[in-house]
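Take a look at the following structure, please.
Chain naming follows the written order as A, B, C and D, and within any one chain the residues start at number 1.
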Amino acid sequence: MTRALHAGFYGVILLWSLWPFIWQWVTSVKVPSNISRIPPLLPEHLSAANYSAIFSNETFIRVIWNSIAVGLGATAISLVVGAMGAYGISRLLERGRRWIMLSLLVVLMLPQVSVVTPLYRIVDLMGWGDTLWSLIAVYSIFSVPLVVWVMYQAYEEIPETLHRAARVDGSSEWTIFTRVYLPLGIPGLVSSGLLSLIFCWNEFLFALTFTSSYKARTIPVGISLFSGQYDFPWGEITAASSLVTFPIILIVIFSQKYLVRGLVGSGVKG
Amino acid sequence: MGRIDVKNLCMEYNQKRVLDRLDLEVLHGEFLVVLGESGCGKSTLLNLIAGLREPFSGQILFDQRDVTRLDVQSRNVAFVFQDYALYPHMTVEQNIRFPLENLKLNRREIDHKCDGILTRLRLNDFRNQYPNQLSGGQKQRVAIGRAMVRDPFVFLFDEPLSSLDPHLRDHLRLELKQLHKELKKTFIYVTHDQLSAMVLGDRVAFMDDGKIQQIGPPLQLYRSPANIRIARFFGFPPVNVLTATDFERLSGKPAPDSKMKFCIRPENLECRADSKGCFEVQWIQQMGAANFVYISVGKQTICGLGKGSLHKNQKVSCNFKSENLMIF
Amino acid sequence: MKTEFKNVVIFLGPLLILPALFVIWPLIELMVLSLKHKVILFEIDRWAGLENYQYLLGKDARFWGALGNTLYFTVCSVGLELVLGLMFALYLRFGKESAWIKVILLLPWAIPNVVSARLWQWMLHPEVGIINHVLLTLGWINEPVLWLSDPTLALNAAILADIWKTTPLITLLLFAGLQRIPETILSAAKVDRTPPVRFLFYILLPQLNPMLMTAMILRGLDAFRVFDVIYVMTGGGPANSTETLSIYAYRTYFQSLQFGYGSSIALTQVILMLAMTWIIMNAFSSKWDRS
Amino acid sequence: MTLSAWNICRNGSINLRIVAIFWFIFCAACSFDTTIDDSPNTVHYYQFSLPGLKSIFAELKRQFQEKHPDIYIHIHTLPTNTDDQHQFYLTHLQSRKSAQMDVFAIDVIWMAEFVRAGLLLPVTDLYSKSEWESFFSPILKTTLFDNRRYAVPIFVDGGLLYSRMDLLRKYGFPSPPKTWEELVSIADTILKGENEDRLYGFVWQGRQYEGLICNFIEFLPANKEWLVASNRTLQVNRSAVVPTLTFIRSLLSHKSVSPMSVLGMSEEESRHVFQNGQSVFMRNWPYAWKLAQQTGSPIRGKVQVSPLPSWNSLEPGRGALGGFLLGINKDTPNPEPARQWVRFLTSEEVQIQIWEQLGLTPARKTVFSKIQGDMGMEMGVLMEVMENTTPRPLNPLYIPISQSMQAYISGALSGIYTLEEAMDRMDNDLRRITRILSYEN
């Protein structure tokens, strides 16, 4: 009885979370002309037409590379700045940490629409228009607060005596940071890095505004290019979506623990 | 040399005075225990000596050299923390090498010193293990090894034994004492545990209200404490404190001054079974080596050393030697 | 000590300079713009004083509608997500836990908003969408439901998509919070034979409170700026019934060209957000300051 | 925390790792920054995207460079969504030092705005008067301001009526309806006769978006403007708008010709319905023809296109005008190469190629005699429709106007507002929007 109950509950969770993915995949393997037909619910035969259409489109591959480069670049910068900043807040500041943490929260939660044009002007001034740098710079700004929140939490969990011990052992703050806190904060770094990577992978508005060619476009914008004058090639869109969801599924599967830790860490001081 | 002078040291946290014009002299090579209740400022004092914090005012001298404004990095002190603060991501060997690497010594020198310490502290078998694989005693040795390796001016200990179980604590105390003898360095050891203070200290400084209340060999503090708080702090069962009237009841002699307090340690108060005795046993605490009995004197219950076979409600008579009486 | 100050500069410098450059400057620009009539394309750039705000707060029914939609969206989605998330989390904690269910729960959260919005748009399609198809087949409805074109449903459909995407996240947060409650407290409650409802309200929820608060605040702020989901799914329609503040600001900027007025909307939104943060800050008092 | 995570880093310096990561990122990012050939004769061309567009334009570029070896063309693709394109132009043109943009594709509805903003170089002398007249006249009208032409049409679009001839014939209607009344009565007859739950009479685009305005103006009686200028501001012409909205509402009312779900439909949603055989009539653009006729389509061979119905059986209805024009940036450093490129893209042979390979209706009516309809498309109908399209208001503030009108039309149709309320709100917004131009000093 309870077994059935458990199974039922799990079924509900599964159906609720996974059904859209399954439907996306089902749509993506339908023959293009049959996509809008329902019933039948399931395709009579599988078709790779939508996928081959994407892979024949070399720009989409470029777009995927862009996303990876932007994601890694912005994540690297925000990890360095954020890990250092969190260390500073957690171990060097006596007061004012609440203000800094809350200002960072404000940055994290700022409506993107409100700053997109001024940011574009800055990007333009720097001569970064339509380059990966513009996205790397802006994404760094918006993922730094995330990294700081997670890393602050990670550092707070390290006993304060380690900091004092290292000072007694004659280390400079930089040595303490690199040799003690950074290695101990690796789980936090992994978590916040993943969060930042996912943020960069998913962001749409800035990418749309700052880029004008395949040189710098990222995946969400790339997907928005998949359409005809009026029609949505749902087959191709769902195929592309399935493709870009795939790495995320991998990330989630292999680093679920870190992601959860990061999410929880960013939220709560333990 | 390793002489430390602390002069007129003041420290505040959040407008609360933690150290109040504190003076302290630590002699070369001595094992000084700073004893006090939690929150009396003893850890603050230790941090100030180490240079981990900057005092509000006052001076700290190392061998007459003023180090008050010096950074911890330039003071060459060693600090052993309550939780040992071993770097969990480094092996035993790396933990010990870490301070040397900070000094930017060459590799051969580091290897040499490190090997010396590992051998001396019998840590060779564990050199590649991580702290969480070590026992409490091994951890302490690593922490001390990490402190020793730089040949520091002074060793500072912040209650490193307090979180251990009693057996291990006894054992490590001995080891520490032994080490002190070998190293011939100045040790400052902060604790709230009177037993550690008695066992370890060449001298004990009792700290309260941000000041050193009394300093001297442990027995001196035990036998002739400067005030009631110190008297109360030492010994188990705790010292009996009597008002003048109760004292008169107990001893049958008149008290010199009605405002005085009279202290007598339980082990110095003999309670013998005596059918004519004026006190009655309330209950008995069997300690194995000795039995302590609790008796009522006036409204107070005091404790004394039971002699002979005793049982509840038995009449006893109490005696003590006058030299054991402490009057405040 | 001087070195201490130097260290603070080294470690906090980049953290403080970057946002200053990329956030404070834009915000100042936003403030200046909001006091102007500015239509860059036509080279209109005239000082307006508080005129924009007067109109915005006084006469602009569309603004109040958008604010109402935003608040409705925020309250409903966050509220439902918390309730659902709490149920899931309770089940995971006290029913049956497994690692792979967490993986599955994380998936919707991790995919791009644009993708999930398209997905829902496709599934909610009135004629060929799977949801209507299933409901019709089951006989729960007689004719297709106009999820995205009925003004009374569209915002709720967007909320549905948002709930799908973020309930898992909240589930995981609350689950982690439940795991942090000491086992001894739960045992004590069991020994005391606490009935389930009392157990929930007098033991679990008070213990879970910090996590609930955080989840609520972070999600609340996030929902308050909702853009992608609605932009893709309904574009603000029908009849502006799904227009949120972000969408209104976006349209005023990029479709109506009015940078001045758009800035007033955006800045008002930022100020409302700051007000929310301010309230939170006081609610959380001095969580971060070490005394 | 896991021991393994610590072990990763127990040797070696972190600094080195950070440097390595940065180096990697830097290389990755730089490797993508392929430098553009910025020879003085480079033309940067910005346009919409379509499936297959890239390869076709690569071919066109090759053909062009064969003729003009000294000119280098760089093609940039923008998102398909016209709102996104518009946003792109706005952000990039407001700071005039941004990327070089020489030629861009402009939606017909932005023309007035772009001209007013002074972004476009006049191209009146690009073609002779007779050659200009080879373009469809409605779209040509959108290029003319103050007697100067500011752009050249590249393709044209117009609303069409798609009818299910199999159903019509079954009930004895030999040809598609000419008037709206006729459409309603045919649909009624067929719906009653078929008595099928999921069959609708007429689907169109009623979602709150630009397409709603197109559909709306197609319902308007001929020769009646819906916005009239009065006293420096625009006003809604209630005598035209109120009856039209009333009529559309009657289409939507319960169990009638159009399902309420059209109020959530854009082109694709309505096409899906029609293509699944669930509707007798559909209003859509020409692109839907090919898709309806493709193999596997349930309505293949059962569809006929015709001009939209009107209110008067003597004249055909007018589809909304869509399409794109090519404009040259006024600040272009290379006007002559840009003109060559525009001339090339709008030449007859390229128009034919674009039609044959992308299905974009040529903007020149003269090429219709040289091309064939795809999958049996009747070119005569297409030509007739394109010649009779009606443009949306040519106002520099068209976008904000359309924005606000969409909301009120959508609101009036879905019953959120009464017609009166909708009219009042429209007027209110129009006043507010048109005031923008009075900000100019």
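The rule we apply is simple: a residue touches a chain if its C-beta (ideal position, glycine included) is under 8 Å from a C-beta of that chain, and two chains touch if they have at least 3 such contacts.
Remember, predicted model here, so these are calculated numbers, not experimental data.
K.L.:
Would you identify the chain whose Cα-based centre sits farthest away from the centre of subunit C?
P.N.:
It is B whose centre lies farthest from that of subunit C.
K.L.:
With contacts defined as at the top, give the pair, C-D or A-C, that has more of them.
P.N.:
Looking at C-D and A-C side by side, A-C shows more C-beta contacts.
K.L.:
As a quick test, compute the distance in whole Å between the mean CA positions of subunit C and subunit D.
P.N.:
The answer is 33 Å.
K.L.:
Provide the C-alpha centroid distance between subunit A and subunit C, rounded to the nearest whole angstrom.
P.N.:
Averaging C-alpha atoms per chain gives centres 17 Å apart.
K.L.:
Taking each chain's centre as its mean C-alpha position, how far apart are subunit A and subunit B in Å?
P.N.:
It comes to 54 Å between the two C-alpha centres.
K.L.:
Just give me the whole-number Å value for how far the CA centre of subunit B lies from that of subunit C.
P.N.:
Here subunit B and subunit C have centroids separated by 56 Å.
K.L.:
So which stretches of subunit B touch two or more other chains?
P.N.:
Each of 88-89 in subunit B touches at least two other chains.
K.L.:
On subunit A, where are the residues touching two or more other chains?
P.N.:
36-37, 80, 117, 121, 179, 183-184, 224
K.L.:
Where does subunit C touch two or more other chains at once, residue-wise?
P.N.:
Residues 128, 253 of subunit C each touch two or more of the other chains.
K.L.:
What residues on subunit C touch subunit A, complex-wise?
P.N.:
4, 7-8, 10-12, 14-16, 18-19, 21-23, 25-27, 29-30, 88, 91, 95-96, 99, 101-108, 110-116, 118-120, 122-123, 128-130, 133, 164, 168-169, 172-173, 176-177, 180, 210-211, 214-215, 218, 221-222, 224-225, 227-228, 245-246, 249-250, 253, 259, 263, 266-267, 269-270, 273-274, 277, 281, 286-290
K.L.:
What residues of subunit A sit close enough to touch subunit C in their complex?
P.N.:
6, 9-10, 13-14, 16-18, 20-21, 23-24, 27, 36-39, 41, 80-82, 84-85, 87-89, 92-95, 97-98, 100-107, 109-119, 121-122, 137-138, 140-141, 144-145, 148, 173-174, 177, 198, 201-202, 204-205, 219-220, 223-224, 234, 237-238, 241, 244-245, 248-249, 251-253, 256, 259-260, 263-264, 266-270
K.L.:
For subunit A, which residues count as touching subunit B in their complex?
P.N.:
Touch residues, subunit A against subunit B: 159, 161-162, 164-172, 175, 179-180, 183-184.
K.L.:
Which bits of subunit A are touching subunit D when the two form their complex?
P.N.:
31, 33-34, 36-37, 53, 57, 59, 62, 65-66, 68-69, 72-73, 76, 80, 117, 120-121, 124, 129-133, 136, 178-179, 182-184, 186-187, 190, 208-209, 212-216, 221, 224-233, 236
K.L.:
In their shared complex, at which residues does subunit C touch subunit D?
P.N.:
Residues in contact with subunit D: 37, 39-44, 46, 55, 61-62, 125-128, 143-144, 146-151, 154, 234-241, 243, 251, 253-258.
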